[in-house]
Amino acid sequence: MEKIIPIKAKKGMKVSDLVHQMSDAGFGARKIGMANRIAGEMFSDKECKVFLGLAGAMVPAGMKGIIIDLIKSDNIHVLVTTGANLTHDLIEALKHNHYHCDSWDDEDFNKKGYDRIYNVLMKNEVYEDLENFFEGKWDELKDEKNIRSLLEKIGSLLPENSESILRVCYDKKIPIYCPALADSGIGLMIWGRLAAGKNIEVNAFDDMKDIIDFAWASKIKGVIYVGGGTPKNFIQQSLQFSSGADYGIQITTDIADSGGSSGAPLEEGKSWGKLKDNAKYVDVRCDATIALPLIFSDFI
Amino acid sequence: MEKIIPIKAKKGMKVSDLVHQMSDAGFGARKIGMANRIAGEMFSDKECKVFLGLAGAMVPAGMKGIIIDLIKSDNIHVLVTTGANLTHDLIEALKHNHYHCDSWDDEDFNKKGYDRIYNVLMKNEVYEDLENFFEGKWDELKDEKNIRSLLEKIGSLLPENSESILRVCYDKKIPIYCPALADSGIGLMIWGRLAAGKNIEVNAFDDMKDIIDFAWASKIKGVIYVGGGTPKNFIQQSLQFSSGADYGIQITTDIADSGGSSGAPLEEGKSWGKLKDNAKYVDVRCDATIALPLIFSDFI
Amino acid sequence: MEKIIPIKAKKGMKVSDLVHQMSDAGFGARKIGMANRIAGEMFSDKECKVFLGLAGAMVPAGMKGIIIDLIKSDNIHVLVTTGANLTHDLIEALKHNHYHCDSWDDEDFNKKGYDRIYNVLMKNEVYEDLENFFEGKWDELKDEKNIRSLLEKIGSLLPENSESILRVCYDKKIPIYCPALADSGIGLMIWGRLAAGKNIEVNAFDDMKDIIDFAWASKIKGVIYVGGGTPKNFIQQSLQFSSGADYGIQITTDIADSGGSSGAPLEEGKSWGKLKDNAKYVDVRCDATIALPLIFSDFI
Amino acid sequence: MEKIIPIKAKKGMKVSDLVHQMSDAGFGARKIGMANRIAGEMFSDKECKVFLGLAGAMVPAGMKGIIIDLIKSDNIHVLVTTGANLTHDLIEALKHNHYHCDSWDDEDFNKKGYDRIYNVLMKNEVYEDLENFFEGKWDELKDEKNIRSLLEKIGSLLPENSESILRVCYDKKIPIYCPALADSGIGLMIWGRLAAGKNIEVNAFDDMKDIIDFAWASKIKGVIYVGGGTPKNFIQQSLQFSSGADYGIQITTDIADSGGSSGAPLEEGKSWGKLKDNAKYVDVRCDATIALPLIFSDFI
């Protein structure tokens, strides 16, 4: 039996020292430490292909840098995310910002043109620049036939060296899948063109072949789920018929008992064949904006 | 100031009596009572169009009947849901069942061919009948051009009087939107056909025009969100540019603090224009399988 | 394997019908149904002594009636609760009320003399009547030597037929234990007397002998934990050295992962010997104001 | 308006750099950063007396070191905690350890003599040494008249330089209050003596005078609540009649909606007068084993 060792924190200590100590402590700290260790194994396993499922509004909350740096350092091979994250990424690539709000009056924000995401604000005026982007680039976008290639094209149209997930994935040739892209600001922009009589033929099912083929071709697979939702599920189903993941890290605040996918422990995936019996995995019940830098700063 | 009145429960009491008493109590009970009252106003407002966003695995958990009966009683005008709910609905329409499991061993379930969703099991063999359904009906499905019409067609192919959400929506001409349909067992079935060289051209963005037009045309709007996710967000964005909801009920177990849409209180929607300043609304923090029958049994 | 049967809700249905249907559904509904069934077995087992641990602010939220009726119907043999619940019970026995508040401005409430407990308010002026009660009855209270007898005495001083937990426990000779009574409004009242130079010698440890003896003497034991905290823990430790519970129902919204007693599943108690290996038990993750009437209305 | 700045994490970075960056990010990260900043202000305000309320099983989870170092560095003036934390502290002072368990079989643990606290184990045999300690030291303990002095005496009996909260508080003359001490392993040990016919007269209410006097005498007050429960409430009520806190940090995973004190936001305290209108405060919804070292390592 392995002893619990009390964490010895001190001014000036390094994050990696703290996180390694956390794996000797209990409760959630232990999980952070284990996730860091599993990430290390996953990333250093040269045969392992890593699928990152990114839900939540991680970009508005300032998590973009960590995701970008994980991709730049070649730790991620497939990104599945929400239209929301990509829309906010694009908004920041268009030189807009998100803002703090530590208290709120939503009726007042509405009058002033601010949209609230918990303790983060976005100016409503960003939609104009989004409109301009899609209107201006429409000829370059309108012939894309699936969501992956549409997102790749958007990435290619952003300035080189943009601190943007879309651009960095384009540069690193990392596919981005986003099954519910229609359900986002980017979707709204495309709707705007459709409503204006323009046309685009993006196939709703095309990307599945792609991701399932990639899962099939990958002998060793690692998964990182931030926040559940469509990104987690889309990765899970690509694994269901391709032998399951060997490594898994899940960060979520939702609970198992209400039966949703976002709160379901990774263990449950074993019954479906989405996780191998001998996989190394951990569920971290923590706000992702706290857990992400702790778990991953060692690798960037 | 309105007094709290202790709930007087007794053997043989009616659900409606309990729920009305709940609105005189505090904490979550009060919210159940308020949701019931707001549902009553929403449903009896003849100008009000009701958008139901249904996430979570509500069908495997036995909530199908309540959804079907709300649709049959003309209380719902638009359904947005996950591919998972529709897949499980189709599975039950194909005469399969879901099963209880009050304790679990996921490795063992995998060996025995059971897939677990918290305390609910599905037999893995259902995929064969799903395959047969899509293979057999492919000629009738392959020309559909958007997700809504594809789902309508699937509904039409089920036996009349099926206890099925897909079939009842078809019968009652209620549109079903499912932006991430690819991300589901139904998606997998379509992938199977594509992988076999067959073709289907379902446009990923087409449905947006439809739901936004409907939102625009509806002067008074009510929303019911069960569990957040894509269904909530897709309705929210159709409201953002069409004046916002007048009535709102949200049932979720996720929390606000981690910034995800699933835990965001309805109030937040005011900043975006997704909820009117004078809307009547309530957030119910409760497992939906407990809250749904309490809130809605009065109306079916 | 037992099938999930979709809940069929309808206007006019009885609570007991709904709850019995819930045990055929999944997720949280199943747990409500199981809790109701286990309560039935626990209450009808004539050898079983039932320990109710009641934390949370259940009295302000209107749950007093259910607790009182469970006691009156002879289903509860020991009550362990917080000083807060007893203080609010006493406040209501002194003819004060609690009030609804569906939105809040705490600075304003402070100015107006209202104290807030989530969506429930209490008038600050209640403290005057509490003061008067303790000042007026001090001679009758000052010689009590342990918390149980002090609470029994307080109960005896309330008007007969009061809708009060304190009074009903006195009438039914049900012991109330409250290890942290100092930590409550009643505690403050006693502090007020002490500060004025009066004296009372209540032994902090005396009640333990009592409850542990009772646990030892009870061959069959059932536990009902509402909300964790000191009440749960005090019962748990009385069981630890007296063979563990045979039946268990826990209602909580806290989670297991952060390691607190309030979120710990009953199962964990098996390692400590607080729950028997063959016990019948269920954890209900639900707001207690919703779960209590559903689970227990059959028995009152 | 203040911009969100994406966190830039990197190998070798310091905890303080990360935490300062967190205050520029959103959601929970922002709260960690704010808590760190408020702690800095609280600790450097020379007039401020700091009340630490420590619930949860923080000692078994390896958080002892941080608490001890905060006390040694003169940042804490009053500690209110649970009997559980003190019992586990004493157990470790008696040279026992806690152990990791990343998966569990509670029936098996019971047979092997291990008691589980989520992912932490304790050997059942510790009770023997606890017994021996209390039996051996009884003559030195039996004359204590209140909980504070009893705990101080226990601290004094531990070896000098013990890594023990009890000993360090004794050395630094920091009072420990523990209203529900009976509800703990230490309580059980005292019960054992009482059951054997020995006697001890610890007054259940005596400590209140002490803590309320101290609160009254402190012009500026800061509160740190870890996990709610009795510790939070006991501090809150000492503040209610002594002008409220000027600084506040709360770390909890419980939610507000179910109305318990453990999940109640600090803001609610304003209505009661437990928090000043102009106080600086933040609620951190996070597992305390993760939040504590992040927030406090700067100060030890």
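In order of appearance the chains are A, B, C and D, and numbering begins at 1 in each one.
The definition used in the following text is that contacts are C-beta pairs under 8 Å (C-beta built on N, C-alpha and C of every residue); 3 or more make two chains touch, one makes a residue touch a chain.
These numbers were taken from a predicted model, which means no experiment stands behind them.
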Joint neighbours of chain C and chain A, given as chain labels: B, D
Would you mind naming the chains that touch chain B and likewise touch chain C? A, D
Chain of greatest Cα-centre distance to chain A: C
Just how far, in Å, is the C-alpha centre of chain B from the one of chain A? 25
Once you find the CA centre of chain A and the CA centre of chain D, what distance in Å lies between them? 35
What's the distance between the Cα centroids of chain B and chain D, rounded to whole Å? 43
Residue numbers of chain A (touch at least two other chains): 26-28, 60-61, 117-120, 253, 255, 257-259, 285, 287-289
Could you list, by residue number, the parts of chain D that touch chain A in their complex? 1-16, 18, 21-22, 24-30, 32, 34, 60-66, 69, 97-100, 102, 117-121, 163, 253, 285-294, 296-300
List the residues on chain C that touch chain A in their complex, please. 26-28, 31, 255, 257-259, 283, 285
Chain B residues touching chain A - in the complex, by the definition given at the top: 55-57, 60-61, 84, 104, 106-107, 109-110, 114-121, 147, 179-185, 187-188, 190-191, 194-195, 200-209, 212, 227, 229-230, 233-234, 237, 240-241, 253-264, 267-273, 277, 287-289
